[in-house]
Amino acid sequence: MSTSSAYADYTTGEPVVDTKAPEGPIAERWDKRRFEAKLVNPANRRKHTVIVVGTGLAGGSAGATLAEQGYHVVQFCYQDSPRRAHSIAAQGGINAAKNYRNDGDSVHRLFYDTVKGGDFRARESNVHRLAQISVEIIDQCVAQGVPFAREYGGLLDTRSFGGVQVSRTFYARGQTGQQLLLGAYQALSRQIAAGNVEMHPRTEMLDLIVVDGRARGIVARDLVTGKIDTYFADAVVLASGGYGNVFYLSTNAMNSNATAVWRAHRRGALFANPCFTQIHPTCIPRTGDHQSKLTLMSESLRNDGRIWVPKARGDQRPPHRIPEDERDYYLERIYPSFGNLVPRDIASRAAKNVCDEGRGVGPGGQGVYLDFADAIERMGRAAVEAKYGNLFDMYQRITDEDPYRVPMRIYPAVHYTMGGLWVDYDLRTTVPGLFAIGEANFSDHGANRLGASALMQGLADGYFVLPATINDYLARHPRQGEVGPEHPVVQEVLAETEDRLHLLLAVDGDRTPDSFHRELGELMWEFCGMARTESGLRKALERIPQIREEFWRRIKVPGTGEEFNQSLEKANRIVDYLELAELMCLDALHRAESCGGHFREESQTPDGEAERKDDTFSYAAAWEFTGTGTAPVLHKEDLVFEYVHPTQRSYA
Amino acid sequence: MKLTLRVWRQRAADTEGAMSTYEVDDISPDMSFLEMLDTLNEELILRGEDPVAFDHDCREGICGACSLVINGDAHGPERTTTCQLHMRSFADGDTIDVEPWRASAFPVIKDLVVDRSAFDRIIQAGGYITAPTGSAPEAHATAVAKPDADFAFEHAECIGCGACVAACPNGAAMLFTSAKVNHLNVLPQGAPERETRVLDMVARMDEEGFGGCTLAGECATACPKGIPLVSITNMNKEWLRATRKAGKR
Amino acid sequence: MARTVWDSSVGKKTVMAVSGLIMLAYLVVHMLGNLKIFFGSAEFNGYAHWLRTLGEPFLHHEWALWIVRVVLVAAVVAHATAAYQLSRRDLRARPRKYMHTRRRASYATRTMRWGGVILGLFIVWHILDLTTGTVHPNGFQSGHPYQNVIDTFSTWYGNVIYVVAMLALGLHIRHGFWSAAQTLGAGSRTRDRALKATANILALVLTLGFVSVPVAVMTGVVS
């Protein structure tokens, strides 16, 4: 195992270029690409097998659509049902440039807002396509029976969301993700019943099979029997979500994991912008060491709640005993024009700063107040209840505090990862035949994702983009060599996977998987969380290999591999987190600028705001794996802005 | 808090199970029920014992994975999911019984984990609207009256956790099935498949070995999302209407 | 269509609901007829005789009565068969009980099955006692129902069997009527209270009406 300093000494390789985005006016590129793409004769489609890993918005919609087109789809999810993928937990809504409000919205405006919101670190062609497709998504979902909120006239209702000035967010109360996911799940169910999709629930992908330079299948473990099997296809689509669980505590589901993308990365797929993680400002703070996950509260609360902390350090008085002039409404103070409505990254960082100063509230001083006293006085309790009742109930259930009487306590938490597998305009990774969609790819969000855009991207990829582009790949490679379980490469990959699990079981040490996960998470939160410094990141890069070494010495996994074994599942995921975390830190270290969710303390304006360095860092960083703990190779994809010209954000 | 847990332990689907007793100490009232089980499992692993297997994922009450019968109640004493149940709902020194969902259509896989794929098969039988990608008309082509949209949403909230089956004295899946039938059948988009949907879903539900409805109402009481009992009445109405129409054809 | 209905658990419940409502309608008429006993033997026996001449001359003597009997037997058989099959399905669906059990649904709901069995046995006894006279305690006299009734309710066991069965009937109707409404899709949120109230009133009125006869005999009001 090499030392961390060697890991930080990465080398720079050939630049990567997106060879698939067509030239020409941006509004015509998607049409052009679709026309240029080769098609597979409908009669030949059923001869092609496509593996889809994951059944969230991206995977569910892709599996259903590919099957509708006639492909034979073999799909996997670790959950007991495809309906439980974590897209289900998305609350707020989904953006679409329908302009139903006649408020000046357009495809171009959504495109513009998304590029700007991503702090100019996203690819223009992709974002524009996303904005174009957004309108089709709403049509599709309504046709499937997604019960979006409607007005009394029977037409769809919309609301506005952070960072934009138009009302383009479609929603289904606070459960938009659930409703959209169930729509995709139902479409997928129809294809399962028709025999076009072979569904494998409770089956987790553990490795990618690459034969003759092409992705030809996966190794997956049946989580019930423990049986490790190989599955083969003409193309593999990863829709396995983000990697926020590297941080242990996040708003991700407990079992969301990075194994599929990380194993693909190890097999040759470049991993782009791993340090771009989004921290959501309004989550319920942790209550103690037992905390297993964090719960998000819709950021709409910031419309009426006022955020404050005591002026004095270590002020232990209950909130109602702190007089008005001893409170610091710090967002209103620092950002008088935007106040409590500054973007997510800024609100999060400000909360961290006041807590670091020792002015945080609640257990461990890791929280700030979100106070509705003024709103209740102004609007009346009934109005506040009508607007936020369900959120207040949720808060009360978790904290046992009545937010109508006591101010809420909130704290930022890891929420979404903008980084992921590098893909071109066709959503192809650098391994031919391997596609990545949804949060699993490095996506269209640049360095920061706007609210209500994750659902849009997942469904755009799954319903519309991938089904069009995968045709081209399969049409160009109609006959690939036979690959079966006996193939020597397959045998090798299978053996590696089995060895890894056997080793995990054989260590029989004295520490639980969770204890390692928690340790890694705390380290990442401290050094690669809301604010990052060179020295902190170097410290983390030194520490991670040590944890990894200790992990393989002291991990204890009870039971066997030939049974339902949740400890083994966890431990195996941590193996990958321990490598991915290192790459995240390296990426954060190398990107000596602040942009979006990535804040380097060395790169800030005199007012303490993020300072982007476009001359040096206007590129997507795509990393190539060279071995565990050895320095990866950086491939840059230069970002060209022809339509939206980079400017520094200001919210003061 | 110090608690005594009696937990159903069963190594695999085909082995016999039994209740095992565990003592847990230093439980914070702020822990969720699942975090309390995490604490127990950490101890069990360090003692070299097999940790208690249970399904869980989002831990915010929406994915529907968690599924424990706690002191005889599906999801425990509060009207919520197990992951959103907190230990402050119990008292220091309590003895708590934890069992898996019990229904022959939900066979136990291990300990507290059951196989709920029967629910997926009910949806596959007709719990969808046939609208292949790309075929959709403009979203505003059909207005949906707000009460209908709200009615659809109220039923679409079902998280498929199976508490209704677990709580029903007959292990019936009527509430689950009716939630989806009502969601889709009230919408104009769902109208073309209105009859086949309810007939096929009910038939599938029967084939899966769920019990029948005796309108005991336990399902609606246990439902963490508050799907009302009248949902079943509506499905019966839909079923009778569909049967009459099918008879005329 | 009959096949579809009978093969489905929802369909069988429909059969139970319809047959139950038929029996319920009959019981209301039966109970009202019983109350004629308070007007003396002539009126009561006359009413019983009239039942046999009902529909004449269009119908042959006693045909109306037989039609009613056939419908009722069909209803009872359908109701009981469906109940038996559904119960078997229900028990199979929950082969293993919870270790930690709790009282849940109302008493009426929980006693539907045993209540149904009690009522079934009661019907057999009731017919053998007062229709065929096979097990009648004191020399059954055809055409003299007034005296037959008094004879039955002059025995302790006659009273016990009858009163217990009528209480079971009340409970059965209380859940059964409301339940049948739900099965037939007649329930709704706005109608629920009215349906429950109707069920309770029907249960109470029928039980009181039927039980009033043995009570009257026991207390000597009717003799």
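Chains here go by letter, A, B and C, matching the order in which they are written, and residues are numbered from 1 within each.
Here, contacts are C-beta pairs under 8 Å (C-beta built on N, C-alpha and C of every residue); 3 or more make two chains touch, one makes a residue touch a chain.
Note that the structure is a prediction, hence the values are computed from the model and not measured.
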| item | value |
| --- | --- |
| Farthest chain relative to chain C (centres taken as mean CA coordinates) | A |
| Closest chain to global C-alpha mean, per-chain Cα centroids | B |
| Between chain B and chain A, distance of the C-alpha-averaged centres to the nearest whole Å | 27 |
| Chain A and chain C, separation of their C-alpha mean positions in angstrom | 64 |
| Chain centre separation in whole Å, for chain C relative to chain B (CA means) | 37 |
| Of chain B, residues touching chain A in the complex | 11-12, 28-32, 34-36, 38-39, 42, 44-46, 48-51, 53, 55-65, 78, 80, 84, 86, 88, 109-110, 113, 115-117, 119-120, 123-125, 127-140, 142-146, 149-150, 152-153, 156-157, 159-160, 183-184, 187, 189-190 |
| Residues of chain C defined as touching chain B within the complex | 1, 4-5, 7-14, 86, 89-102, 104-105, 109-110, 112, 175, 178-179, 181-189, 192 |
| Chain B - residues contacting chain C, complex | 6, 8, 19, 69, 71-73, 97, 99, 102-105, 167-172, 199, 202-203, 205-206, 209-218, 221, 228-230, 232-241, 243, 246-247 |
| Partner chain B, residues of chain A touching it in the complex | 61, 64-65, 68, 79-84, 86, 88-89, 98, 100, 136, 138-145, 147-156, 172-173, 175, 178-179, 182, 185-187, 189-190, 192-193, 199, 201, 224, 251, 253-256, 287-288, 290-293, 295-296, 394, 397-400, 463-464, 467, 510, 512, 514-515, 556, 558-559, 563-564, 566-567 |
